[in-house]
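Paired with chain B in one complex and with chain C in the other, chain A is shared by the two complexes that follow.
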Partner chain A sequence: MAMTVLNKPMCAYLFSIYGMRLKYVTGSPVLAAPVNELLKHFRQDSVEESTELTLCFKDVQDRADIPLRLSPSARQLSVGTGAAVRDQPETGLPYEVIQDEGRLIADFHNLGVLLMDGVQGRAEGYLINPETMPANLIEYLFHLALIELLRHRGLYPIHAAALEKHGRGILISGNSGRGKTTSSLSLLRSGYRYLSDDHPLIRDAGTHVDVLPFPTKINVTRATIELFPELADVPDHVPHPGSRKWSFHAEDRYPTLIGERCRPAMVLFPHVADVPHSHLELLSKRRALELLLPQTLLVFDPEVARREFEVLAKLARQVDCYRLHFGRDIFDLPNLLTPLLEQG
Partner chain B sequence: MMPTRQFSLRPESELLVWCARTVVPNELAERIRQRAQGPLDWALVLDLAWYHGVGSLLHRSLSAFCSDLVPLESLTQLRRRTHAVALLNRLLAQEALVLCEAMAARGVPVIPIKGVALAASVYGDLTLRDFNDMDLLVPEHAIADAQAVLLDAGYERRDRSSAPGAMDQKDGPYYVFIKKRMLFRVDLQWTIAEQNFMFQLDRPNFWKHRVPLAMANTTVQGLAPEDLLIVLCVHGSKHVWEELKWVCDVAELLRSHRHLDWERIYLNASAWRCRRLVSMGLSLAHRLLDAPLPGAVLARFSDDLDVQLLSHRMPPTLLADRHAGAHQSEAVMFYFSLKDSWWERWKFGLTLCRDQHPLVMTPPAWFRWRTSLPRLARFVFLLHKAVRALLPPTIRGAINRWVEHGG
Partner chain C sequence: MSDPPPVTSSQAVSKHALNHSILRHSLDVQGASMEGETVLLDLNTGRYYTLNYLGSVIWELCTGRNTISDIHAVLCDRFEVAPERALDDLVALISELVHERLLHRETR
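Coming up: the complex of A and B.
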């Protein structure tokens, strides 16, 4: 049977992510636009040396067009829905993860397949009729492939919001609905610098762990918009029928710059408390690590998992970790956190 | 048959209580499935589970009986955190073994108590019991040697006032050690203490009746189950049974050790003035978690009004009406209510009145002596004033010592 991966002219887009030279190759404008938006802060016009990471995404018209051949030694590692990957509703996709020799295969059934080789630094994506997909889904699938490659090179994503002030970082970790975005917006409007809304990177810097910006659009709900008057005219879009989303670039709404690589000093685990005033509860390092691990645990390579665990443990030792009982005084949060950050 | 409850649990709490056990009979498993199909605040279920230290047990039961009924996101969150707990527990257990061996090599007697030891000996699975640190019982005379072992192993002593949760640890005489650049915390203990509460752990009986405890392919010395039961009941009572995991510890001990020497338990508990604290733990474990108890043991506290009343009111965060519960902030009234004898109770009451403890004048609604204790306090206040005016400090000091040390 003839393979019908569409034979369009391929374009290469070049990026540099913390010294990692990355080439994204696709022939489809539909597949190019969301990735260029995701990585707009990492764009390079030219790459002088050879690239370390190459991601190639192609559009196909039918599942049968995906050139996926499994060897007899292929084994299933995980199966389920996208809720196991992240907690955004758009990622609630059935999936299957297969280890096949050096490759990791993430099969999203009717949406497409990702083939990733972390050691070689190569990933291929085959998306079925991507013109029918919302842009954030394409961005999500690309991001999955990207972080798998970055992990093998010592850059670990963590599910958290990240901000910086005077060279000291705050990570706000936790699942949706816990006040993560609201607390980070409260800090942003008081002059904190933006690092990431959902997935900053952490890296072992020898004596300590660094947090590295991965600035993306901030996603908010209608309820969050109503809390912050400056967000009243944030445009919405409809990624799926029946669902509306609002998102914006931090630098468009706040007098803030994108922050720089810094040393995290504090990790917060917020939860919304029905109390007038927010307060902090210091957590033991053990408890903090217990809460941090689930934000990164989906790692399939044992050696990568071990290294990632060590970096997270180092992070937990380095920072003060607090449970934030987030009260109704949302605009006063900087008054609670900044003195601690400055004296830390 | 389920014991009836005076104060109802909220539906989410009830599900948690049904799941927080290693053995779930078929009839209860069916009830879990039915409850999981009803309207539930799953975020609250998870929050309660982690607050009460029973997340891993909840995950185990939900996965076994109704994984198809639990919202996927909740089950995933629970699974991922359970995996993290399991990983860290194993690391902590390995470290506990290393420390026990190092202490043994230095001739320091040591018994791991609570978390890691319970997980191994009572739950039979290191991953099922939530624990945050290593609690090591050492004889008071060997504290200096034990400290030396910990310092050699890379630990440093920490000021407890700066430790997480320090606000809850008002005056417990134990030492906290943290391993440099690591995540491990060790508490060296020889008593269980809280403000107005003290129980000696360093007892000849405990050392004499030690039993081998299998842990991660090796053996250390642990408390005999009879002694462990007393310690668990005293420890849970110290915290007014605020967390369900402490009730689970008692229930699982009763499930895993069906032939306890009850005469010895009650004889020791009486001698150590904690008989009713033990009854309290047993009553809670039986009432909440269906822990198996011989009829003769149930009969020992079936007519104890305080034990019966209070065991309906704990843990307060599980109750539909939290205000009906007995809270840790009311601990002194709980200790007062469960003194073993009339004399001990009123001697303790005199101390509280003399110290003008705020709860004496505003006791909680559940407190049986809420009329008489404030009256006593007013009398003691007037008496104290008169005594201060009439007696010299040396005689006043002697009276204070008489009240505090047994009359």
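Coming up: the complex of A and C.
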């Protein structure tokens, strides 16, 4: 059965992510489409130099087709359902993370396996019958492998929405249901530029930390759509039986451009408050770092985690951090935030 | 160096232990000082911990050169606190940090 997989003609797709040349290789159109959508802003048509990162995803029919062999020194790093890989619904999957001789193995059991070698900049994904999977699950598994490679090269994902105005960035961090997307839409419709809905990158720029755009489709719930009239005709899709999702590109709905790399000036940790007016509560730097850590840091490789922790601490020192008590005045949020951003 | 017996309360600590136990940060811990407070990340477990201002001062003094008595003397000099209370707080924190493997205690 493995021979069937290897005989498929392979296609290579080329991207450049902040100076990191990346090649994605797959023989499966089902595995190509979600990745090309995810990385559409990073597409490159020609490759002139060698690539630093290579990700190769293959479809298999059966788990036995996955060439996974563990050495005697393999050790389990974590096991569970979803929580270690953030709060996206599609990640509520049983998983096991194993370290084995420089490789990190994320085993999603009956869905497939990711094999990642951060030092070599290579990752392989074996997905079992991906034609039965929703595209956003394929996108998610690819993204997981990609960010593990990027982490080893000093680009760290942060679980936050990110926007920019006049070269100054705002990160809105927190789990689903706390007003992250609603607050970010409120800023977008007032002219803020879009950087990312859920996972911008941060990078140490020496004197400060930069936030780098990672623009993807914005996912919204029906309840959010009802708050914003301009989203009324956003199309839905059904990733799982019984569940519906709505998503759109920011630039299709708002007079916004994709923002550029910038220096974050503010981090918000929203929660929905049943009050008429939103207000901000300034947080200590220590509290801000405590809140950022679970949104970002996964300790698999200690040296990578050490560097990532340092960058997060630098970010927390650099920005003003607030708890946003997000009231019912959702369209007035820019009036609350913009003066602070401009003053900072 | 031999592993010293555990230190759990100031009453249980001998003068010898106070004068000869030195403390150093674990190599597997990364710390960040944030406006006088400290966040520690255990790189083995992924767990993180926070220290208040006093805890941060103690952490900074655990350089691998200072004994418990040395650190106690600095606390008494820097803070308006009864020496017995300072020693109790110091020993309690050290005990916890050693238990969590964030600090190593050695006898010299």
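The rule we apply is simple: the second predicted complex is superposed on the first by the 339 of 344 C-alpha atoms of A that agree within 3 Å, B and C clash if a C-alpha of one lies under 4 Å from a C-alpha of the other, contacts with A are read in each partner's own complex, and residues count from 1 in each chain.
Criterion: a contact is a pair of C-beta atoms (placed from the backbone, for glycine too) under 8 Å apart; a residue touches a chain by one contact, two chains touch by 3 or more.
These numbers come from a predicted model, not from an experiment.
Undergrad: After the match on chain A, would you call chain B and chain C a fit or a clash?
TA: These partners clash in the superposed model.
Undergrad: Determine, for the superposed model, which of the two partners chain B and chain C contacts more residues of chain A.
TA: Looking at chain A, the partner in contact with more of its residues is B.
Undergrad: Scan A:N335 for contacts with chain B and chain C and give back first, second, both or neither.
TA: A:N335 contacts neither chain B nor chain C.
Undergrad: Report for A:A313: first if it touches chain B alone, second if chain C alone, otherwise both or neither.
TA: both
Undergrad: Please work out whether A:G177 is in contact with chain B alone, chain C alone, both, or neither, and reply first, second, both or neither.
TA: first
Undergrad: Would you check which partner chain A:L283 touches, where first means chain B only, second means chain C only, and both and neither mean what they say?
TA: First partner only, chain B.
Undergrad: Is A:P302 contacted by the first partner chain B, the second partner chain C, both or neither?
TA: Only chain C is touched by A:P302; chain B is not.
Undergrad: Looking at the overlay, what does A:Q76 touch: chain B (first), chain C (second), both, or neither?
TA: Once the two structures are laid over each other on A, A:Q76 reaches no partner at all.
Undergrad: Run through 59-67, 149-157, 167-175 or 203-211 for chain B and report the one that clashes with chain C in the overlay.
TA: Of the candidate stretches of chain B, chain C runs into 203-211.
Undergrad: Using the superposition described at the top, list the residues of chain A that contact chain B and also contact chain C.
TA: 284-286, 289-290, 293, 297, 309, 313, 316-317
Undergrad: Show which residues of chain B lie in contact with chain A when the two form their complex.
TA: 43, 47, 72-73, 76-77, 80-81, 83-85, 87-88, 92, 132-133, 163-165, 181-185
Undergrad: Over in the complex, which chain A residues touch chain C? Could you list them?
TA: 284-286, 288-290, 293, 297-299, 302, 305-306, 309-310, 313, 316-317
Undergrad: Please output the residues of chain A touching chain B within their complex, sorted ascending.
TA: Contacts found on chain A: 80-81, 83-84, 87, 92, 175, 177, 271, 281-287, 289-291, 293-294, 297, 309, 313, 316-317.
Undergrad: Using the touch rule from the top, collect the residues of chain C that touch chain A in their complex.
TA: So the residues of chain C touching chain A come out as 28, 30, 32, 34-35, 37-39, 41, 43-46, 48, 50.
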